[in-house]
Amino acid sequence: MSAKKEELRIGFYVCHCGHNIASMVDCVAVARSVEKLPGVALARDYKYMCSDPGQVLIQQDIREHKLNRIVVASCSPLLHEHTFRGATEAGGLNPFYFHMVNIREHDSWVHTDRQEATEKAKALAEAAIRRVAHHKALEIKKVPIHPDVLVVGGGIAGIHAAMTLANAGKKVYLVEREPSIGGHMAKFDKTFPTLDCAACILTPKMSEVGSHPNITLWTYSDVTKVDGYVGNYTVQVKRKARYIIEDLCTGCQDCIPNCVFKEPKFTDDFNEGLGKRKPVYIPFPQATPQVVVIDPEVCLNFKRGKNPDGSPIVSDKCKKTCVEACGEKNAIDFTQKDELKEIKVGNIIVCTGFKTFDAGRVPAYGYGTYKNVYTSLEIERLVNASGPTGGEVILREGKNPDGSPKTPKSIGIIHCVGSRDKKTNIWCSRVCCMYSMKLAHLLKEHTDAELYNFYIDMRTPGKGYEEFYNKLLEEGTHFIRGRVGEVTDWAMTPEEEGKLVIRVEDTLAGVVRRIPVDMVVLATGLEPQADAGDVRRLFNMSCGGDGWFLERHPKLAPVNTFTDGVFLAGCCQGPKDIPDTVAQAGAAAAEAMVLIDRGYVEQEPNTAFILDQECSGCKSCIPLCPYTAILFDEERKKAYINEALCKGCGTCVGACPSSSIVQNLFEDSEIFSEIEGVLSYD
Amino acid sequence: MTKPWTPRIVAFFCNWCTYTAADLAGVSRLKYASNVRVIRLMCSGRVDPQFILDALARGADGVLIGGCHPGDCHYVEGNYKMLRRFELLKRMLVDFGIEPQRVRLEWISAAEGEKVKTVINEMTQQLQALGPLGMPQKFTAWDQELEHLAQAVQARDAAAGPCPTHAAPSPTPEVVHV
Amino acid sequence: MDIKRTIKYEADRVSGFGREVMAVPGCEALEHCIQCGTCSGVCPLSIYMDYTPRQVMELVRSDFKNEVLQSHTIWLCASCYACTTECPRQIRITDIMYELKQRAIKEKVYPKRFPIPVLAEEFTKMVHDYGRISETWLVSKMYLRTNPVAALGMAGLGMNLMKTGRFSLKQDKIERRSELARIMESVDQQNQKAQA
Amino acid sequence: MKYAYFPGCSLKGTGKAYEESLLPVMKHLGVEMQELDDWNCCGATAYMAVDEGKACAAAARNLAIAEKSGLQQVLAPCSACYLVLNKTQHYLHEYPGMRQTVARALETVGLRCEGTSAVRHPLDILLNDIGLEAVKQKVTRPLKGLKVAPYYGCQIVRPYATFDDQTNPTTMDRLLEALGATVVKWPLKTKCCGGSLTGTLPEAGLRLSYILLKEAIKRGADVIATVCPLCQFNLDAYHPKISARWEPVPIPTVYFSQLMGLAFGLPDNQVVLHRGMIPMKPLAAPAPAAAAAR
């Protein structure tokens, strides 16, 4: 290589980052110290290296001072490596003649002694100077992007992301685990703070999804395998048997009244167990797709155990009146099996949502013990006109003297159930204050009951939210600041007889109160889905300590993950309300479109290659590669790497006994010189 | 300047989990000991045992390796590969007379900024208690000893006069390195 | 109408008191208190307190030492640990109450003839002298020191205990009393050394 | 099965009915209990209020004696003793400073406390070591028709016990059901009885006992079963005072071990029901078969 002959002329730049670095690291001293190192042609300190003038400075210096290597000491390379490689390239150098030193996240922000921090910065800079001497010119590979997108989860986030992409002309696969899309939002009656009906704003979007030519909707399906990388994912989807041929079902629902079960008697999950359904059912009237499902756990046709492959055995016990009712549509197929589909996509948007906190985990509130203690989601169904009671708010326990169901005269809504609690979930679930007030308003409207809200702190940060709080205050709802100690059914006074008694400190009044009510509503918080860990692994994402999927950067990359081409939207990333969810879904769709419309992704040229003459043919490396990128040439008894499959982890390089594998950007010589450099201080 | 001795730690962090966690520690303004120097690699699987030996030989008092939690490796299982190498290397270090506490492998996910801080502080404390490893000084001392030895042998040979056939059988070494 | 100024000046605070309490084993989590009132909500005795447990937590954190050590609240705590179990920030409120009781006893700021600290003191003395507690003696001593008249009211209780064979005036003691005394002395010495 | 037995002061005093009934029941189940050599008062709740260092050291002396005896399991039937000994273990593990102080203090008399012994409650042992099946086999006079309100009190489940739920414990419920009794569901299982406040501040303390007695009667209980000598004392011995202040609430409170002795058909002097102030309603006559078996 001719580069070897060339004299080394390194340009070094240390960034003040305003006060972020300069307050803890003496940037001038670092520059002066680096200046003296061999090969360094110039060393500068500058206020903001990532700014335009900072970048232009690099470009000018390259030209004027004939620099051939660039080192910038500033923030994390995960943030600005790209920026400075660009500047290096714009100055006329190969971008990989650049190396970056992290003296902000790894130095000035985490240390408290200016002298020590400065010494550390010097050592890190020296390591980079020594390292960059070994850098080689490399070429960025461009890999084409498959234009189709997979959206996982059909709640409001998934619906919005899919619609955005489809309307832009992209092909979308929308995969939903439940028989219908709609998610939690489909269960809500009204939405805060505008009180517009959830169904009225959601169902049109749902049916649009169902009929959009660019959207392939697969409900009652799970993503089971994901392979590949940004632009080129291969995804396996399991379409669970619903025992209905989707294309043939017209959604007439004639089968349901004709089921041999005259009365619905099985727990209706969509109604939070408050209602009943039959073995053949449609989750809710506006379900999309308008296709029924048969539940093999309870349908008489399947009461015979399982086949060796796990599918249920079809019996002849049942009269199959549903099939009769379906008639020549012939949409019912009891022999249907789970089906595996394989699709190719370039980008994936994960919108797998949340689950509500299990109220039984706070025994002091009596959920499961006292029948008239409800969760907020149960109340959503109870006040909903299409809910199990047709929108009538009646108590589970207790009858009027005439035998009719009782309506509550007093209701206590307990906020923060499971949230802000170290024993359960430490985070604030963000939506509970608002939805509790919404439910208070709706319950008042339905029952005219006396309403009490028990809150720790009232959190109403959103457009029109504080105004909504005001409205509730005007309506006469009581707001008591205090976390409820317990809900019990033992009476101390005559008016407490037969009621649920809430014991709480009214912290603003400074007194302990006992408040008897007919109904208690627990504002359960939001938590990650039970299988979030599996989903995270499936898509190679990270989770925070709390279990929510981790975004790439909390502020600057809120819908990106650490895996390129996998994006997040909605509550799977953390609790949020509908407006924020929709905004995020749009953002994720846009991020995917950026890649699709550009048409290619650039790949870090950090792949490995084998030095043919050094390879001893021991094959140690071959089983180490998780991507089977290492192959063996039997004739020549040498291993070789398929560059297209190599992802650049370097595991084979670390293991090769004859040091005959080289990883670009992470060559042994580069790392050894870095080790030498970081240990160059006293 | 007589600065009190502090241990030097070279850390190899994987790009996806631990390096990101260290960034998070920074963003969260957590404070930890300043004597750690992080070298970024794509995967903990890239850590060649020679890197660790080299770092110790060049004056590090301890080496920390950070990778993704088992099952979370960005490259499927590079961290497992590292774990295997690491266990073997530790045995070898013991034979060299190097305390196994001087090398440490930790799984730190991108979300665990706090763990970066605790691990580094903990390790600093442990190394502080162990004292300097001082390999470069030892190398110098060993070189000197060898030189002395060679000189002594030469001097004796010279004194014994020319040997008719072979040199006398080498005496029992005076210094035995453990 | 009697009126009372309730304003607190900065001079009323004993700077560092909160930090000091939070440095005691078991009391660290107090800094995470969000003043939700769960402790008061579950406390069976909060209804008699001058400050609710939640208010005591805030007063400690804000260095209002005198208010806290003179409050009835710390003596009303029956150590049932309901607050500790339910606290969403896992603050060991019962242990903090113990710490405050200790400080009040050390500084002798509890109300005169107040039976609870007297009971605690007599209890400790009896353990120190004999190694074990004889409840009947203990209670008798407490009444004699606080409210001899009320002791008469307890005569009926004593009669009943006697009837059911549960009344005993024998002072139970351990054999190796000097051993226990040495242990206690050692703790005292260590504490003094630590303070010095 | 052999356990170190830490009776505590109450079981030798006003709570003697607990010891008198527990020892025969355990023996009947084949459990050996060896009283700890020269044990001292655990310190109870009062000592913590005076000096926690000394409280821990005093309690640790007992643990050290247990460790010396070679018995790793310490059975502490009294709730306060159970809590204090457990709390001491926790403090010794969690706080190195405390561990050091205590270790030095014990050293002066040649004792060592490594914190290796487990402090156990009889309910824990009955359910988890012996098992309900073994208990059921010993029942010769099932407590048919006896409605029992199980009262756990505070300190056995809070805050350190791991063998049962802190808010809604069920071990005693299951034990009583195994004895054939009917368990009364009530939400006051773990509410405070007033502790020592019944003596020091009767207006506040006794009211809590009164609420418990009143609610147990209201829910149809014949008897309250307890695990704590102080609870038993408050709910039983203060009856006259409670009746005078509020209303008569005549319901007996006995130790669960007394009900076990009753169901096992042990002689009266091992069931010691006469120690209670409110007499227990006689049980229905035993079924002929069971009587024959005896």
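Order of writing sets the chain letters: A, B, C and D. Residues in each chain are counted from 1.
Please note the rule applied: a residue touches a chain if its C-beta (ideal position, glycine included) is under 8 Å from a C-beta of that chain, and two chains touch if they have at least 3 such contacts.
Note that the coordinates shown come from a computational prediction; the quantities given were computed from them, not determined experimentally.
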Winner on C-beta contact pairs when A-D is weighed against A-B: A-B
Separation of subunit B from subunit D, taking each centre as the mean of its C-alpha atoms, in whole Å: 57
Separation of subunit A from subunit D, taking each centre as the mean of its C-alpha atoms, in whole Å: 50
Averaged-CA centre spacing for the pair subunit B and subunit A, given as whole angstrom: 39
Subunit C and subunit D: spacing of chain centres that average the CA atoms, whole Å: 23
Multi-partner residues of subunit D (at least 2 other chains): 167
Per-residue multi-chain contacts in subunit C, two or more chains: 86
Touching two or more other chains - residues of subunit A: 364
Pairwise chain contacts under the document criterion: A-B, A-C, A-D, C-D
List of subunit A residues in touch with subunit D within their complex: 363-364, 366, 369, 488-490, 492
Contact footprint of subunit A on subunit D as seen in their complex: 165, 167-168, 186-188, 211, 215, 218
Residue numbers on subunit A that touch subunit B, as the complex places them: 76-78, 102, 104-107, 109-113, 116-117, 119-120, 123-124, 127, 537, 540, 542-545, 550, 554, 562-563, 606, 624, 626, 647-651, 653-655, 663, 666, 668, 671-672, 674-676, 678-679, 682
Subunit A contact footprint on subunit C (complex, rising order): 32, 34-43, 46-47, 52, 54-55, 86, 88-90
Of all residues in subunit A, those that touch subunit C in their complex: 364, 416, 420-423, 456-457, 481-486, 503-507, 510-512
